[in-house]
């Protein structure tokens, strides 16, 4: 399988805190990867580094053959990198339709507003929000706003899609619905890297799992192998013990 | 074309008839009304649409006045000097904007406020070119009489208002306006969907300065004499904000009506309280903010509540 | 020799600048309000010192003691009655509000005192001393020491007093402070009162050195801006560092480019600092 994304010894430091150390990772086209790890492991930071929100302080990021380590967020978005946010980021005053239209409009230079709105309708229908097209984004329920994020990300015609906890805060019926959508996207051939806490969803959807702990990559492989990896078990159990003792949190 | 934009165009068309009814005083007032509306409409592109609390209006008004004034004093015709003042202001603002608009909230407000100070001091010190603190005389090339001049400058300012209004409407209907609105609502998300926010904000800042600068150029020709403390007066920055607040932030019609209402208030205060006019203006500003925070036009109020949260 | 002159002048002037800026910085840091009345408060303090000296032969040192409580109450009342109603509004509104209040106060001063420049001349004059061969007027030196003392008092208030700790808490995290039982509105009013009192006292000290006129208020305000941004918002030490840095920039700038360009230089630096290092020289969270 040809590669779509390659991280070479990527590091990110915030003042005295080393949030990511020496991460090397290759993502191949068509994969669905689960990115897991205890809270504070650096998962969202990794996504931020790749998308240029907080650029890497060391190492290189290569996307689709192009070095994007220092490329600005809007540029990498136009190259086909898109993401959803753990905390949803809608344009609150816009209708659901215009939220998605904005994504279609600005990710492709030369697109007209009219064409973008038409395209947006398709993506809204895909995530099941066509009935809410005219509704102000701020008034949607959390589950709907999560799906709106997904529709926005899809409207950018991504080559690689990062999903940052799309299921957090959803009830089980909503989780099932979201999982079905992810399956469908994977079937359409979109490469996906998802940060997810629900192991049930990860095991159901992902063909490969990458584990971060304290800013380091500690495991990378088939779900079965990773889940029995001693380092992974220690990372999770160790944290549980720490939580019980009240060290964390 | 929305209904409120049509009303705005009709309103501007009505103003054009003013010289048929009024004397010199009405013409002077009409010229100022057009100028205030230009300042308020321009400010609204950055302050209302993009949601950046800019206090830089006076800086670009003064810059345009001096570019125009210096060129006029050297014999260039008004028809050339004003566009050059506008383009010059656009370029300076767009370049500065790329750097300044990385700042948010209070820091952006302070930086934009400081621009006035920097520009004023630069003009003050460039004595050879600008006359420094002594001011700059701009002789009128050929005067056709007091009334004819007054009418001429009224129509000059009115034409600029018309162009400004059309520009503002075009922006709000365009991809640019859509993008600025995205930036106001959520700049992180705007970047993430591929919007070049720096470019958009710089263009907005530049467009806003362009018409303010042109108005400064016409103003310089109209009053024949400018000095740094007159045209770089921080009041030129605050007034458009007050006008926009009166009219309800956001809609072009709202801010234009706000400009006219403000001018009316200012005129009443000037006539009755010469000695304490700035104090009375202060009282009006304070009362307005305390009791009419959503503007006179309630239609604009939703924008005010939502849109300015991140400002 | 020349360098020593510039350095000592900068230290003396820098402490005065810090004193001008510290109340402004406190208000900005705690209330999140850019207080455009600050310059006029300083001028009002200067007029108070002038009036007390001319009318009642009260020495400016005693005027400090009178000014502090008067200005505190003045600021407290303004915050409670007016500012507090818009305190949660966007910067556009709070800034315009303080601008409106400034128009009122400044116009009132022009009305009562006229716009001409006055000078408070001590009789007999205090003369001058020389430090390392550099001549410094005594009144300026004493004003500097008083300015340092005022700054120190604020530091102690914030450090030692219960209300000071509450102010710091609100600055650090308003919502957490509310949860800890701090009455935020009272703290806002007290902080604004303190900021106003500091401005008034700074004005008394300025009266000893500079001519007094309502027209000088914007110059004071401009200094406060620059000092805050250079030194970093919200710390006493930051204000001192910013004050001395500004005085140094002005001193070196006027020596190199002429006095006319010193102000321009300081504002250009302000913008550069804002863009490159918005936290200032000593910027960090918390006002201490």
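Going in written order, the chains are labelled A, B and C, and every chain counts its residues from 1.
The rule we apply is simple: a residue touches a chain if its C-beta (ideal position, glycine included) is under 8 Å from a C-beta of that chain, and two chains touch if they have at least 3 such contacts.
Since we're looking at a predicted model, the values are computed, not measured.
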| item | value |
| --- | --- |
| Chain with minimal offset from the mean of all protein Cα atoms | B |
| Reference chain A; chain at largest CA-centroid distance | C |
| A-B or B-C - the one linked by more C-beta pairs in contact | B-C |
| For chain A paired with chain C, centre-to-centre distance based on mean C-alpha positions, whole Å | 49 |
| Centre-to-centre distance between chain C and chain B (centres being mean Cα positions), rounded to whole Å | 32 |
| Centroid distance [mean C-alpha coordinates] between chain B and chain A, Å | 43 |
| Touching residues (chain side chain C, partner chain B) in the complex | 28, 32, 34, 82, 85-86, 89-93, 95-97, 99-108, 111, 218, 222, 225, 229, 260-261, 263-264, 267-268, 270-271, 274-275, 278 |
| Chain C contact footprint on chain B (complex, rising order) | 47, 53, 55, 99-100, 102-103, 105-107, 109-111, 113-115, 117-118, 121-122, 124-125, 234, 238, 241-242, 245, 275-279, 281-286, 289-290, 293, 308-309, 311 |
| Complex interface listing, chain A residues touching chain B | 51, 53, 72-74, 77-78, 82-83, 85, 89-94, 98, 102-103, 105-108, 112-113, 138, 152, 155-156 |
| Of chain B, residues touching chain A in the complex | 174-175, 178-179, 181-182, 185-186, 188-197, 302-303, 306-307 |
